[in-house]
Each structure stands twice: as C-alpha cells, then as structure tokens.
Amino acid sequence: MTEPLLSVRDLSKHYASHGTRLTILKDISFDIGKGEVVGLVGESGSGKTTIGRSVLRLVEPSAGNVRFDGVELTGLSPSAMRRMRPRMQYIFQDPFASLSPRMTIGEILTEGLKIQRIGTRAERMERARIALEQVDLPAEAINRYAHEFSGGQRQRIGIARALTLTPELIVADEPVSALDVSIQAQVINLLRDLQQQLGLTMLFISHDLAVVEYICDRVIVLYLGRIMEIAASGDLYARPQHPYTRALLSAIPSTDVGAKRERQVLKGEIPSPANPPSGCVFRTRCPHAIEACGQAAPELREVAPGHFKACIRDDIPLGAMP
Amino acid sequence: FTRPAQSATLSGGFDVGPGGFQGNFNPLAATAGFTWLSIYFEPLVAYDAKLQKTVGVLASSYEISPDQLTYAFKLADAKWHDGKPFTANDAKFTIGLAKNAKTGSVLAARLSPVSAVEAPDEHTLVIKLSAPSASLIDTLTKVMMLPEHALSSIPADQLAKSPWWSTSPIGTGAFKFTKYVNDQYVELAANTDYRGGKPALEKIINRYFADPAAAIAALRAGEIQFTYVDSNDVPTFKDDTSFQVIEGNSFVVNYLGFNHESPIWKDLRVRQAVMHAINRDAIIQSLYGGAAKPANCAYVADQLVPKDIDPYAYDPEKAKALLKEAGWDEINGGKPITLLTYYTTPLATNVLAAVQAMLAQVGINVVPRAVDAPTYNSIVLKPDADISQFQLVYAGLQNGPDAGSINVGLNEKQIPPAGPNVVRARIPDLTAALDTALAEPDAAKRDERYRQVCKVMNSQLPWGTLWVANRYGVVSTKVKDFVWTPAPGGGPYEADPQHWSIAE
Amino acid sequence: MQSAEPVLAIQGLKTIFRIRGGDVTAVNDVDLTVGAGETVALVGESGSGKSVTSLSVMRLLTRNIGSIAAGSIRLRRKDGSGHDLVTLTDEEMRDIRGDDIGMVFQEPMSSLNPVYTIGDQIAEPIRIHRGATRKAAMATAVSLLESVGIPDAKRRAGQYPHELSGGMRQRATIAMALACDPTLLIADEPTTALDVTIQAQILDLLLKLQRERGMAILFVTHNLGVVAQIAHRVAVMYTGRIVEEGPVGEVFSNPKHPYTKGLLASMPRLGDATRMKQAGEKLAAIPGVVPSLVNMPSGCTFAPRCQFAIEACRKAVPALEPVGPLHKSRCIRWREI
Amino acid sequence: MLTFSLRRLAIGIGMLLALSMLIFLLLRLTPGDPIDAYIDPNIPLSPADLAELRSRLGLDQPLPVQYLAWLQQALTGNLGYSIKRMDQPVLGLVLSRIGPTILLMGTALVISIIVGIATGIVSAVRRNSVTDVSFSVLALAGISSPAFLSALIGLYVFAVRLNWMPSGGMLTPGEPFSVLDLLHHLILPACLLAVAQAALIMRYMRASLLEVLNQDYVRTARAKGVIEFWVIVKHALRNALLPVVTLIGSTIGLAIGGAIFIESVFNWPGMGLLLVDSVETRDYPVIMGATLIIGACVIVVNLLTDMTYAVIDPRIKVG
Amino acid sequence: MLARTPTRSPGPLARALDRFLINRAAVFGVCLALPVLAMILSYPLWWTFKPNDIDLLAMNSGPSSKHVFGTDGVGRDVFARVMEGGRISLLVAVASTLLSAIIGFLFGAVSALAGRWADAVGMRFVDLVMTLPPVIFLLVLASIAGTGIWPTVLVISLLSWPLLARMVRARLLELRERDFVIAARGMGAGLPHLLFRHGLPNSIDILVVYATLQIANAILLEAGLSFLGLGIAPPAASWGNMLNAARSTAVLEQYPWQWLFPGGALILAVLAINFIGDGLRDAFDPRAELN
C-alpha cells in the first residue's frame, strides 16, 4: 500500500462523568487509502460518531494521533487546523438538525467558503449552484429554507454543503439511517456516484450492514469502543471471523420469507463504558467465551490477508452458531 | 375578630417626626425623638409647651451666676423606676457621659464650654463653664438624666452598644419602659410612684410606621389615637369630628441656599431676583393650604423680626430687571442649575416643581435633584465640595426655641469642615452680627441682637429664605389633656404625660 | 390458525386532523382484520398513517385535533362480546384500554413515565382493571417482568426507567401492555429505536409470548425485514390508504403493487450487495418524494412516482381489488406487475 | 450525597466571600457614609467629633484594611454592631427580621402555590376555554400591576374603609401574643404579596403541563385505561412540576431579600424594610450582615430546590 | 421536486409573524399598544397643556373638559403628564431592555461558545450577581447612579441581564452540539462567526420574548424605583413617580384621578406588552418550527 490518506493510531477517548471515567474509544488504529471507502459499523453507543469526529478534530481525542495526508492533525494550532479543514468534511445523520433553520440554502452552502474567505460573493453563489446541481437539486432551491424540503432533499443539501469546499476526505455519519426506505436508495446511489466521480475518500459510518456492504471497500466492526474486526467487505460478509460480527450479521432480519435462516440471538446488552468487562469486552455476550477471554484484551491480528480480528479463538467453525 | 378594649392605653405614632430616628433608645445619641424619650426619661430642664421659656423638670430651680459661668441646679426629689433615689451624682454622671464623645454622644461638642460639674450635695448640681454660653440651657433640655447605678459599670466606649437601652432602661419619668417589640412598638407602663402624681393612663404605646400613609391608616382605623402628619394630609381630618388637628410652628425655616462659592450668585442682585421671582404667597396658599408664614430672614417669632425689612414681594418684572442689570445672560446663560435637596416628601416635590416653574419664568433655569440625607451631606459637607453639584440647595434649619441655633448654618467660622455652613456664606456683617448675639450674656438684650442678624440676612441674602411651615399632629378626640407640640428636633418640652387620659 | 370471528375488524376507517386551513385525512378507507393468534404487520413510510391507525383503534387521538370521521372498529373482548369501539363512551373505552387491548410504543424511553418505578407502572393497569391490591399487583408485575425475560426482576421492578437500558425498557413496556392479558396487542414500531441485536431479542420475545398466550398482534413497522420475520399477514400503507395486503410470503415474493415492489427492490440485500457493487448495479430507488397530506395528488396518490402510471391512474383512487385468494392490491395495473 | 453537599457548601462559602467583597465595594462607592447619615444639620458635630466617630468605626482606614477587619470579625461569627442603632448587634437584628420575613413570604408562597398550581392545572386542562382565558387575563393583570399601588389600595380598602384587617404591623401592640392575632395581621399583606406570585406560578404551571400532556408517557397512561383525573394528577403533574419548582426556588431566593413595598406599607418588620432603612442610613455593618445572611439563605434555598428536584424526578441524582 | 409551490418562500421570521397574527390575545395587545404609543409620541402636537406648566389656581381639580384627566397638586395637567410620563417610562424601558439584552446576550453567548474557562468564570459571575439580594443591589446601585433617565436605565439593565445571559447560554450550549454548528466548526468557523451567524439568529426568539417581557418589567421596576424616591426624579414625569403621589392619603382618597390615570396607563401598557410577549413566545415556539 502507498501512504494512506488518513492514518489513525492508538486513538483513545475518555469522558469524565460524575466522577467516573468513561472509556469511549480505546486504541483505535486504522488507515484509509486515497479513494477508498471504509465502513464503520457497530451498535448504538459503540463510538462510531466519536471516531468520525475525532478524525476531523471536532472532538479532541484523549490520546493517539491522526495523520491526514502526512500532516499530523493532533497538535496542529487552531489556525493551521482551520486551513486544513476544507480538505475534510462531515455529513450528518439527521437531515433536520444538520441544517440551520434560520439560513437559506444559499447561505448554508456558501458558509464554508465565507469562513475560509474563498472567492467573492458571486463566485461563492456560483459554487453553491454547482454543488446543488451535483446533488440533483434544482437551482431555485438556493433562496429557500431547509424546512421546505423533505428529509431526502435535506440530506442532499447536507452532502452539497460538504462538497462546496472540495474536500478529499468525507466522513459520512449514518447519512441514510434517518431516511425513509424509499428515499434511502436515492441518497445511497447519489453518494456512491459522487464518490466515484470525484474520487473521494470516505469513512462511512452506519449500522445497516447491507448498506455498508454495498458502498464500502473495507469494513471496520466496532464494539464498545474497540475494533473487533477489519476486512475487505466481500471477505467480511462471506467469512466473518469474529463471533460478534457473526452475531451481528445473523441478527439482521431479511425479507426472504422462505429461507428462514438459523439465527443467533445474542443474550444481554452492550456493557456500559463506565465499567467495561476485563479482557475481551465482548466476552459477556459471546457464546464462545472461554476463561482466557477475561485475561487480556485480545490483539487485533491478521488472520487472512487484509483480514484482522481481535479474538483469541481461531477454532470456531463458520457455521457454529448455537 | 373583636378588637380588645384598650381603655387605659394610648397608642400613637409619637416617634415619627421630622428626622425622627425609629428605634433609637439612647438619648445620648438621639438627634430627635425627645417627645417620646422624655415620657420615660427626664432632663433637668425643658421648654414649656409653647416653647417660649425653659422650666425645671428634674431641677426644681436653677440659678445662673452674673458672669454666666456658673449654673447651680436645685434637684427635685425624684426616684428612678427601680425605686432608687435620683441624686446630684446621677446628674453629674450623666453630663459626664454627654460630654464624652466616646459614648457616642451627639451633645459633646455643645457641652464643650462645660469645664467642671460638681455635686456638692445630693440635691445640688453645679456646672462651671469656661466661657459664657447662651445655648447651654437649650442643650441641657436634651440631656436626659441617666442612672449612675445602672450604667457606671459599662465602659464609656461600650455604652452605645449596651442592650440596656432597648431592654431595661430606667428613667425618672411618668412612665416606665416595659418592652420593645422589634421594630413594631415600644410599650410603657404607668409609673405609679411618679412624683407628679399617678398617671391617668395605664400604658402608652409608640408604634413605628415605615410609611406615613400606614400611620394615617392606623389612625383612621382606630388602632392608634395620635400621629404626626404631613400638612397635605391634614385636609383628610379637617372635617372629621372624631379627630382634632394640632397645629404648631415648626421653627424650621426653609430656604434656597445659594452656594456662595459659585460665581453665579456673587451678585446680590441675582439673589434678590430669585426672591422676587418666587410667589411665596401663592405657594403657601395653595400647596401648604395656608399653613406656613413667609420668612424674610431665618426668624419668624415676632420679637426677632424687625418691622422694616424688605418683604421681597412677588415681582417677576423686577426680578427680570435685576437679572438684566446683573447681566445674568453672561453669568449663567440658560444652563440648568442643580437645585439639591434632601426633602423627598410629596409636598416638597410639589413645592420644588412650583419654584422651578417660577424661576423659569424669569429665566433662571433650575432642575431639582432630591437625594437621600447621607448623599446630601456627603456632597455639601465635603471640605472641597464640587460646586457644580449644589449651586443651589433647598433645605431647612431650625431657629428655635433657641434663636442662636441658626448660627451654624451662616457663620463664616462654620464653613465645612468646621461646621455645617453648607452654603459657604462669607458675609462679614452677618458673622459679626451672629457672634455678637451669641456672646450677649443678657437675655433681655439678646432679642435686639437677633433682630440685627435678621436685618443683615434680609439685606445680604446669604439664603433665599422662603417660609416657616406649620407642623401637624392629629389626635383622637377621645384623648384628653394631651399636650403635643411640633417641637423642632422632637422636643422635649413640658408635656405632662401623667395627665393624659383617654375616654371610654 | 384464524378463528371464525377476528379479534379486530376495522372497516372503512377514516381519520381526519383539523389543522389550520382545513381538515386533512390522515387515514382513509382502511379495512383490516386481525385474528386471534395472528400477527398482522402494517408497513409504510413515515407519515403514511400507521400510527394514526393504531391510535384510532385505541381512540387515543387528542379530541380537538384528530377524530374518527367514518368507519367501524369492531373488537372481540375477552368475554367474547363484540363492540364497535367508535361508538363506545369514554368510560367504556377506558375499560377496554389496557385490559382487552395492550399497546407498546416506539420510544421505550419517552413512553415510560420517568418519575415512577417500572414495577409501579406495570402494576397500574392491573390495579385499575383487576382491582388488585398494591401488593398483589406488584407481585404480578414482577412475574410479568420475569416472563419478558428480565433477569433479577424483583430488583428491576423497583428501578426507574432511566436506570434501565433501551432493550430492558422495551421489555418493560411489553410487560405493561400484557399485564391484563389482552386479546389484542398493538405494537407501534416497538423495535425501531433499538439495535439489531436487541431487536432480534425483542422479536423473539414477541413470538414466544404470542405462542404462549395466543393473542392477536397488530404490528406497526417500516422495516420489511422485521415484517418477514414476525408477521403472518402484511398490509402496506401509502398516504393513509392500504395499497396492498396479503400473507407475508405472497406479498414479498410476488408484490402486486408498484409501491411494494419498489420498496422491496430499493433495499440492498445482505450478501447480494457485494455482487451488485461489483456489477456496478445501482439500487432501484423509487423516484420523488411522498406527497404531503395537504397537497395530495388526485387519483392514485402513488402515480406521480410510479413507473407504471397511466392516465387512468390520475383519474380516480383505485379500489383495493383481490389479486389472489387472500391477497389484495390497490392498483389498476396489478396484472402487469 | 455527602460529597455533593460538601462541594455545594464549599462553593457556597466562596460565593459568600465574593458577595461580601462585591457589596463592600459597592457600599464604598455609594455617596455618603454612615456619619453623613448621622449628621443632623440642627445638631452640629465638631470636626473632631466627626473624625472621632469615623475612626471609631474604622472608616478612616484604607479599603482593604477595612474589609479584612470586617472579614476577620465575621469569620468569628461576629457581624458587628449596627451604626444607626448602636445597641443592636447586626446578627441579632438580621435574625430577628428573618423570622417575620419567612412568615410573610412563606404564607404568601403557600397561598400562591395553591392558587397558582390549581388555576394553572385548570387552565391547561381546559385549554382555550373561557375559564382558561379569564384565568390568563387575570394572571397577566396581576403581573402587570405595580406592587406598591396594590399594597396602598389594599391597605386603604381593607383596613381603612372596610376595617376588616389591621392596618399593619405584625401583632396588636400591648396585647399578649396570640396566633389568631398574628394571622389577622398576616392575611392581608400575604394575600397581596401572593397575587403576582400566584399569577406567575399559574402561567408556568399551565405552560409546563401543556407540554407534559403531549408526552408519550401520558399517552401510555391513557392506553392503560387510567382515568383522566389520575392521568393529570399522577402522571402529568409530577413531571410538570419541575419548571415550577425552579421558578418557586428562584423567587424564594429573591423574596428573602424582602418585599419592600408590602413591608413598608404594612409595616411588616421584615428584611426588606431593614434593608431600605439601612441603605438610607448607610448602616454598613447591617447591610453587609444582611447581604450575607440573605445570600446564605439563597444558597440554601437553591440547594433545597435541587434536592426537591431529586425527590420529584428520580432521573436527577444529587451527587 | 420541491415540497411546496415554487413561490417566494417565507423565512423563519415570516412564519413566526404568521403564527403571531393568528393569536388573538397578541393581536389585541398590539391593537392596544399601537394607539397608546401613537398618542404618547404625538401628544405635543395636539394637546394644549405642557406637562410641566403649573397653575396654582387650578390645582387638584378633577377631570373636566379643559383638563380631561384633571390636574395634580401644583395644577399641572394630568393628561399631559401621563403622556410625557409614558414617553419617559417607555424610553427608560426600551433603553434598559436594549442595554440589558446586549449585555446578557454577549455574556451568555460568549460563556456558551468560548470554551470551558470562559463559561466557568462567566457563570460564576452571573451566579454571584443573582445571589446578591435584588433589593440591596437596586438600592445601592441607584444611590451610586443617582436619579434621572440614564442612571435609571443603567440600574434596571444591570439588574436584569443575568437572567437573559442564563437563557442564552442554555440555548447556545445546546446549539453548540447541534449538527449545523458542528458543521460550521468543521469548516473552520471561529468565535465571531459562531456568535453572530449562528448564536444570534438562533437566540432571536429568546431575545425578542425577553425584550418584550423586559419592557413590561422595566416599566414596573421604574415605577418601583420612583416609589423608593429613586428612578425618575420629579418634576420630570414618569408613570412611576406620578403613581408615587398615591402615597399621600389625601391624593389616594380625594384626588384619585392623579393616580388612577397614570396607574391605568401603566397597567394597560404592561398588559398589552405582556400579551404581545406571550404571542411572540408562542410564535417562536421551537416546536412550532417542526411542522
């Protein structure tokens, strides 16, 4: 591999809450190559958003570092960071909350250019128009307010805003999960088209494994702030290695009524970050947990080319789901 | 609820008067409120109810030596409320306390001429002066006798803080202190052993009112039988047969004080113009309801005012002419002049509005500014005062019953910080006249001297004297033999509370 | 499986809302039956009227803004008597709520009262409808918690909603809905707010409870996968109307309405997505947006987004026609699909 | 809980310290000092006397020295003596006023809470009905009337004209203490004071209940077959009380400083009156002492409000 | 493709206005306030008497065709004084509201947006000011500032801003975590941009509602200050100091027109403003924004 565009090393994040320490992320390391789309999946509260925001330094990581195109972001001065910002942008989950209700679409789309003092007013408006076109919205939308648009349209506006600054990296945080089923497909298609046209590098966060499979080259599976498995997406779905990934995949209800698959229902719930289990954090819900799982946190190791997992057991056969 | 019968109890707002300090029980520190304090404490001497002459109270008689340096008092046969006899030693002790500023006494300065106090026997007190003082007797009316046996153990500088004053004070008066209920009222009970006879009332209660309207409400509701009232509230009671309005001279002259350090008043004609510009009769008639007398100097008592002084009749044309002569436009132009006052009553507010309007008619542009007393004092008493803050003041100063009391406001020697000559009057004639009057040992000649003071004031106009207003109390007609005089500074005078009674 | 008389039979239900500028019809001409031991799923996009339908059954629409304008809702009560819920008085309706019909809502956090313990809230319907004492009701509540799979139920009963995780809260609301052993359970998106692993747990639980108790379930969701997993029959709603209805297997394998077809096609399928990606296939999105209630197109409301639409579609609202023995579709061109 | 209380205590003490500094500074910025207030132009004091008085009160020292001297005394629990009433220690003076203030405020508060919450509930439940509109208009009128005017008019109407109530004070002078007598004096000022407060509570209650009635758990309660009365009283009210408690908490805090207008018109010997009086006479020790004690009360009330929250809402953990 | 018809779209303010106009009480408030305001502003043009013209011969006379509201204790026309008092009271109210709104907004917004330290220090200060008993604060401030329009404005402002600061802070703390603000930060926005491009527009409802209700409050506060002898000093007229005349029992009882009219004007104005404020509050209700 050539030098990755984004390289995250040993990223950790803690919050203090009522005197206890919450470990939200622990020793997260991964790379994203130029033009690559990497998926980040995991249950609610597993730290997906926190990773996405730490990467852009919208949240200050507690430890570890993030390199973007060879530049160490952590530790960059505020003004240097401000200069870096146009190169990486964020797309939000909630299409209602992510657009200011008090700005017109034009103002929303030119905001970043204005902040970065790019171009004249007219040039900025022109750029906004182009961005609208890129997301298949009519140009007259520019004078309207967000509330006049449906969820899918708003999500397109959110994407357009990210595009105005011509970023190289986009962090898309569950961009379709708030949308209706019939609209989701429109937005996914759009994102994929844009990614391919513009050669964008993307960190795609989602809890919908099917969507991730469709859009991502590689997938990172997260559980309680720790990486469980990383693999190329085809590989991961065909041969999930980690018991958690397997459970996750099997929990997804399918519309194939005939083929009632053997399902594995995990017992219990995701533990609290305030007191995570010792050793492997998944062991409390893992059907294959053995005593050794409680000893030490398992290393992320390569079990097949490009396929990493953090599980000490290699002896669980693929079909072995109780 | 039925109101409990209070036949032998008289309630009132006694200690609500001009400058009256509520809840002050220490006569040494009292600057007013003696009408009330003298119901249970007594001074050696007091004025009569008309405030014309002094009479003995605890002193049955007194003599002044011809050189005016020795005062000998014969003391009455009185007893303290705890039964112990009142003796000359008590009197000596009390004067000692009053002379000692450490006790917080406000009389210390005025007693400074006293060089020695002797008690040759139980019933004789001799006070020796270092120099004659015309106002010593006046001062002594305010010195309430205090029991040596109760207070001698308290160090002088702790005396003011002693709880004795508000819990168990004993005096020699017709009533005994029984209790003080926190800012509500003070209750006195009859002193059945009183040397002047057993009081007719069983109790006297002084209630405190924060708002004059509340006192009037209580009076009309029958909860109290007496209170001091503002003159504009008098009409409320005029036609009411269950109340009697008591009217009296306040002895306080209200004046417009020209700041003599301000260049704008330097010219006498300007000051005269102010006098001519104000229609005092109209203000007295309408705003005071006729209850004031115009004053053309600080005095109003007939014997002190010469007949031939300038009445400064209302004459706006003359005022304008005088201003023109003086070149008023050059002196001040149209700039507003702050008219500083500490009077905040509705009446004063109206008066100042009228004065402002009248002065405006002749081209003198004043703007009243009412501040609270401490602010006023801090502005006017500052040695290096800022002239622009008080080019003109509206104030009052008492001129009786001791006519000499006016001295402090006008004598050049009393310019702050030395004294309260806040207008900084530097008029040699006036200073000389005042000095002469005060030094006059012969009481008979003194009036003449004061007439001279009046004359100088009238012609030189250190102040623009306006009027002396009447003061009012309202008492229920059920109350008999009640004596109340709106004495300046709150008395004391011969009120004979032992005779007061109340009809069923 | 279905007994002769269904537990719930909705006929011609029309529910309107009064909003500024006039009335809007949120639910129109809905017919739906649910038999004992049967699970019927109501699917459709946000705003299609699923919740309004279920609230209409409960008669829980706020009186001054929403009301049932037409139709009947017949319910077979536990004692076998049948009632038209639309005509019941408020008191009679109150007797039925929580007793004959239990309801589970979407948001497990906000549908529990934050200031009372779980036990209290579960015991409440028992005390109201059974007149049980506090203690007895509490004991029942604990056993209910156990039956919905909450470990350490006694302790949990004394806890407040915020002290429980999302999955446990939803179990608690299910326990609450089941407290009086209702004949009908209405579940309005009970798993939408939950993670997939928890969703699987809850679905399993519902299936188990239905097996044990034999109640009828009206299951509202927008997740077709969930429908496939839990329901016997499915009704697809679009803009307030049912557009297709039938046994789940048949509807999913052989949809007869373009909207249902579009929905099924627009979801990437697990395992198949890699192939699509590699083949460069796009997802089959339904173009356009759902029309708003105030601005409804005439005729078939799906016509503006429909690739099969013809002129006739825009003329009149199509009827819900039978397209198979138990299968109905509201499309005039269902044969071509 | 303990650590919470301790932390709040520490913050409270810091706050009081800052408060005392601030008020000390403000006082020295006010024109005139206690001696200026003491002077009666008719009874002149010599400059020496004035200087003596000032130095006895420490007023001639530099500011920080004065403050530290005060602080040092205050830390030993001695707040000094009133300057105006030299025989009264500040602590006693202030404490003797706190009782009547709490009595008056407490009564007014109880009245206003009962009236405000009851009318607020009725208004919310009967939203937009004639009752609701008339309650709301009355409430607004109550909030819109200046306190001193209603006090004066109340005094005039009920005490002078109708003679139903005593015109002021806390007890009938000269009579032995009786609770009835106290109540008789209390009721009019307390009611007048309660008017605006009740109006405010009513409006908060109404808004908050309307909001809560839209919540999912209210719908859940109805879905369980709970009758409407209990839906409101049991399920909605407790949740709706939170913002009302905040409001009440913050107004108690303010009220301890006194309702100057009512107190002065009804001659109620409370804190407000004491404060007006001591500011007028620049009675520094009393102002400082009163500020501190009131500040302490406010801090305690805030703490109590927070604890009340925790009682009403188990989500809020104290600690 | 657009959700609505492609005519000119109403912005958030326009929609709020829309909602405001259907609120009957609020419109009633406006109908009450506007004529009063017009009268107050224009009275010198059509009214014969000046507020400070005294006429000692016609004092304390009741309402008549000449003096429609009667005259006061020095024979000034009460109507002219009510009008003039309205001018001053409203000026004081509006100016103090503006001043306190500016202070309160800046304080609250900077606290919320400028980081933990600014927040901690700022809020401790607000706590401090709020712990200070308002009576003392009022009295002491007023005796420092003195009487007159501008000192009164200052006193009222200094007393009122902390409340707004808290409200603005609470709103912006929440706003700070909103996605569109994070998006702005993600594009490199600094404090001034957040303050004025996001903070201000998103607090506008709070500010407007605060402003209206504070105007009502300030009128009452001014009246209270005047009652204590602070505030607007006579002979300048303000509703507060005119009401102050009712302290005199004679005026209260015998010349009621001297306080009834300013009192009525004051209550009417405050009531109208409160109605408007309520309407604005509902119009700006964030929940109404959703549909």
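Things worth noting here:
Should a chain be cited, it is by its letter among A, B, C, D and E, assigned in written order, with residues numbered from 1 in that chain.
The criterion applied here is as follows: a contact is a pair of C-beta atoms (placed from the backbone, for glycine too) under 8 Å apart; a residue touches a chain by one contact, two chains touch by 3 or more.
Small disclaimer: the values here were computed from a predicted structure and weren't measured.
Pairs B-D and C-D differ in how many C-beta pairs touch across them, and the larger number is found at B-D.
The greatest centre-to-centre gap from chain C, using C-alpha centroids, is found for B. Note on chain placement: the centre of chain C and the centre of chain E lie 51 Å apart, centres being C-alpha means. With centres taken as mean Cα positions, chain E sits 49 Å from chain A. Counting partner chains per residue, chain A shows two or more touched chains at residues 150, 153.
In chain C, the residues that touch at least two other chains are 289.
Those residues of chain E in touch with two or more other chains are numbered 1, 3-4, 143, 247, 249, 252-253.
By the touch criterion stated above, chain E contacts chain B in their complex at residues 52-54, 56-57, 59, 72-76, 143, 146-147, 229, 233-235, 244-245, 247-254.
Put simply, chain E touches chain D in their complex at residues 25, 124, 127-128, 130-137, 139-141, 143-144, 216, 220, 223-224, 227-228, 240, 243, 246-247, 249, 252-253, 259, 263, 266-267, 270-271, 274-275, 278. Considering their complex, residues 43-44, 150, 152-153, 180-186, 188-189, 192, 207, 209-211, 213-215, 233-234, 237-238, 247-249, 251-258, 263, 265-267, 269-270 of chain A touch chain C. Remark: chain B residues 1, 4, 6, 9, 11, 19, 21-26, 29, 31-32, 101-102, 104, 106-110, 112, 157, 160-166, 181-185, 187, 203, 205, 207-211, 213-214, 217-218, 220-223, 371-379, 381, 395, 397-398, 405, 408-409, 414, 417-420, 422, 488-489 touch chain D in the complex. Chain E meets chain A in the complex at residues 1-4, 6, 8-12, 178-180, 182-190, 193, 197-198, 201-202, 204, 289.
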